[in-house]
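Order as written gives the chain letters A, B, C and D; numbering starts at 1 within each chain.
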């Protein structure tokens, strides 16, 4: 983990509200784990913004960003060639478990699973969303050994239903689950995994100030009490998280 | 003496730059980014007698030029501070101010007494906490309460006492004088301003705690004017805090009468800000051919 | 009723958007840029009994996300207000709140009495002025003083009275309750926070008056939390003010409990901000299929 | 006077700390008077910045700007093609008097006199500064009927001395003076004009909030009491201004 400045190499639109930026960051690109994040400075803002390292090759890291408020909107305007400061890689990534991995990404949460999928080599990666217009995973190049599937609430692409329904149908004994998405989805998955006695890991989100573990801004509730999303997470064992 | 030395009366610091309590933990995380002993001192997260879980989330959000937080003094309590945090920090070769908080006078007394024989620069008593005995109004709003608390702590603890004042008062010079009369060795001015934000989408307050404390560049003019007022009202040193983000801000606080400064929120935007302020201040003093000592309070004359 | 109508209890305004006192003069200058009657109301510069020259310059400067001013209530006095300013503004077809200030209780009484038979939406009593009788502490800091002043003005003036509160107090609900008990019809929350800036080159305060009032987006979280508190403490309407710069800010204040809002400093950066807020709010309400009335205080439930 | 948005057409460096920007503003370019100003929004700042309209042709206005603090530094970074919002033209310009005009500009104050010189056609325009490196008036094209002179404290260009000393030496009966510059220079000139019974006009500067006359932020002291630099000025009769 270090403070760095990286040149923004490329900027691409994925959907109406989602874009991808590629940063030149050779010092971290090779070592970063799926689920780890960077704390990115958006010029002019008081707080940095946390983003999963969605993908990486030898020299670059890719962030996939959904426009949410002012910070992400400002980031969308940053031109290739600009330098952005960030701290990273931060936090603990996914720890692959034995067995076939089922990776479940709710919307932008899918960004947290791409690098894991690439590193696992063989697994199933499912992206869920309300309808096909929101699903951008086809624009990410992954090896054929990664099975890509979709789930949409309105049935316009892939499985018709949400990811909890998808998992209820497709989860098999011997699998393990990695998931990132809205809290409601994760809470539903947690219940399902508990019933089926299947291990899982969830990547959580919380508002952050320091991103390092110093300010206690990003606590979440776990069975062991408060934990810090930035330092103890963002990836937690599924059964540890307390959704309230 | 070097230009950049800061004189706190009860001690001289190699420079006047320190982190603000709660923004720097116990320094462990930032020690991965720079050596802590380049700072004038380190100020720790608040310590209360027992562990505290803090407030429900969200706990932080951003406002124009500022940060709102409602951490709720989450900390692992006195025992963990003494056995796990302090020994590590004491090995880093940097003067330490331990920030102390509580909900009753006894809480402060208990923590101060337990820390009294530690090798510390001093204690920083955070008087912005809600006082359970007084219906949740913070300790720092009334001169008499401040006087009483500080004198009681003074009796049980031989360490230098820095009293940190809340800006949410009609006249900050009153608690400032109360603290001085009670035996404070210095004052930190200011803690956060009460503030809030509302999420227009959910139509609910953003913070789990509804209100929070506003910090960052947005509050700098308020902090500066309180340092100016307090520096005129008391004769003990003042540590300026609130919105410092660049070397010119440090100089403004020194000119207003601060003997040293603390930097909190702005280090969230730039985690290397503290060491940069040390070197920027060095260059500034060099260029202007003056010293911290000469700047302190110079705008009053 | 139209979505955007604002109900102040004593009157309904076509929309909840008005300028904040002192940032809009008597509207003459801005009337060259847009028709004043598209606003919910116009709030005038403060009127004192006699002309006041105001403070020495510099009187304004910029801070991160904010503006510092120390105009010192410069105005041409009651006679000029009555004979030169008001007749013109009354011809513009927009409801008028005349902001009233003074250094003694008698000052307020005198101005209010003289304006009592004018065709106005009401008077806005600015209680942030230094009270010469009480050693320069402002009127608005003490519940009893506020109560007494408002009830005296109430006796001599039949117009609706809006009392504007200062944020520089320990607990703003106390003067708020004092004003309500004294007969105020509404409250404006808040005036500026005390602040200052220092010029590091000259090593002197930037403002001629040393300290000034901080306004602008920087103070929005403080203003919002005070509106939230006051709205819970009193049952008269609250007019929110402090740092509003965009339609989302207006909505935040409504949700916190404000029945209408005032916009000051942000119109310096964009002189067309007020009319834009009116149309942006219209679109926002249209899109969200709701009304000002439904939003007021909705974040409390 | 209206609120406008103008495209920045050109951006040129004049000296180490002074630059010139050209804005496309055909609605005001023809009518603006020498000494009037615009109140320019610098994106991201709470207050606008007042700048004299230094020059104008049929379609454009030129501002000459000295880097002073953060606002002018940010302005220096604005790229051609960007649009800037401003209010203008504001205030009262110089009112030419009978006789030969002597226009005295202290440093950046010279910007307030160029358009006046152009409109007068025949006059003498003197730029003063500490040394030749600060004098940029040679980079402004004026008709030959405008006599350009320089004064430098260190004698490195033109008259050796300040503008008050220059005026003491060169001021002739029948002339009138237009001046803009540091208060100390204007105070000295005022005294000289009084002694010689020569009429003059000064363009003043004050910090501004509204720029329109509404906020009373920009008052200056005159023999008639408070006046507003933005609305009553920025140009005042020399004998009216009270320097304290």
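Simple rule for what comes next: contacts are C-beta pairs under 8 Å (C-beta built on N, C-alpha and C of every residue); 3 or more make two chains touch, one makes a residue touch a chain.
Quick caveat, the model's predicted, so the values are computed rather than measured.
Trainee: Quickly list, by label, the chains bordering both chain A and chain D.
Mentor: Under the touch definition, chain A and chain D have no mutual neighbours whatsoever.
Trainee: Determine the centre-to-centre distance between chain A and chain C, using the mean Cα coordinates as centres, and give it in whole Å.
Mentor: The separation of the two C-alpha centroids amounts to 46 Å.
Trainee: Would you kindly tell me how far, in whole Å, the mean C-alpha position of chain C lies from that of chain B?
Mentor: 33
Trainee: Return the distance between the CA-based centres of chain C and chain D, expressed in whole Å.
Mentor: 36
Trainee: Residues of chain C that touch two or more other chains: which are they?
Mentor: 63, 65-66, 217
Trainee: For chain D, which residues are shared contacts with two or more other chains?
Mentor: Within chain D, no residue contacts more than one other chain.
Trainee: Could you classify the connectivity of these chains, where an edge means two chains touch, as line, ring, star, complete or other?
Mentor: It is a line, because the chains touch in a row without closing up.
Trainee: Give every touching pair of chains, nothing left out.
Mentor: Touching chain pairs, listed by label, come out as A-B, B-C, C-D.
Trainee: Which residues of chain C touch chain B in their complex?
Mentor: 63-66, 68, 137, 141, 168-171, 193-198, 200, 203-205, 210-212, 214, 217-222, 224-225, 228, 243, 245, 248, 251-252, 255-256, 295, 298-299
Trainee: Where on chain A does chain B make contact in their complex?
Mentor: It comes out as residues 1-3, 41, 45-48, 71, 85, 87, 206-220, 225-226, 231.
Trainee: Which residues of chain C touch chain D in their complex?
Mentor: Spelled out, the residues of chain C in touch with chain D are 22-25, 27-30, 32-33, 45, 53-54, 57-63, 65-67, 69, 71, 74-75, 216-217, 265-272.
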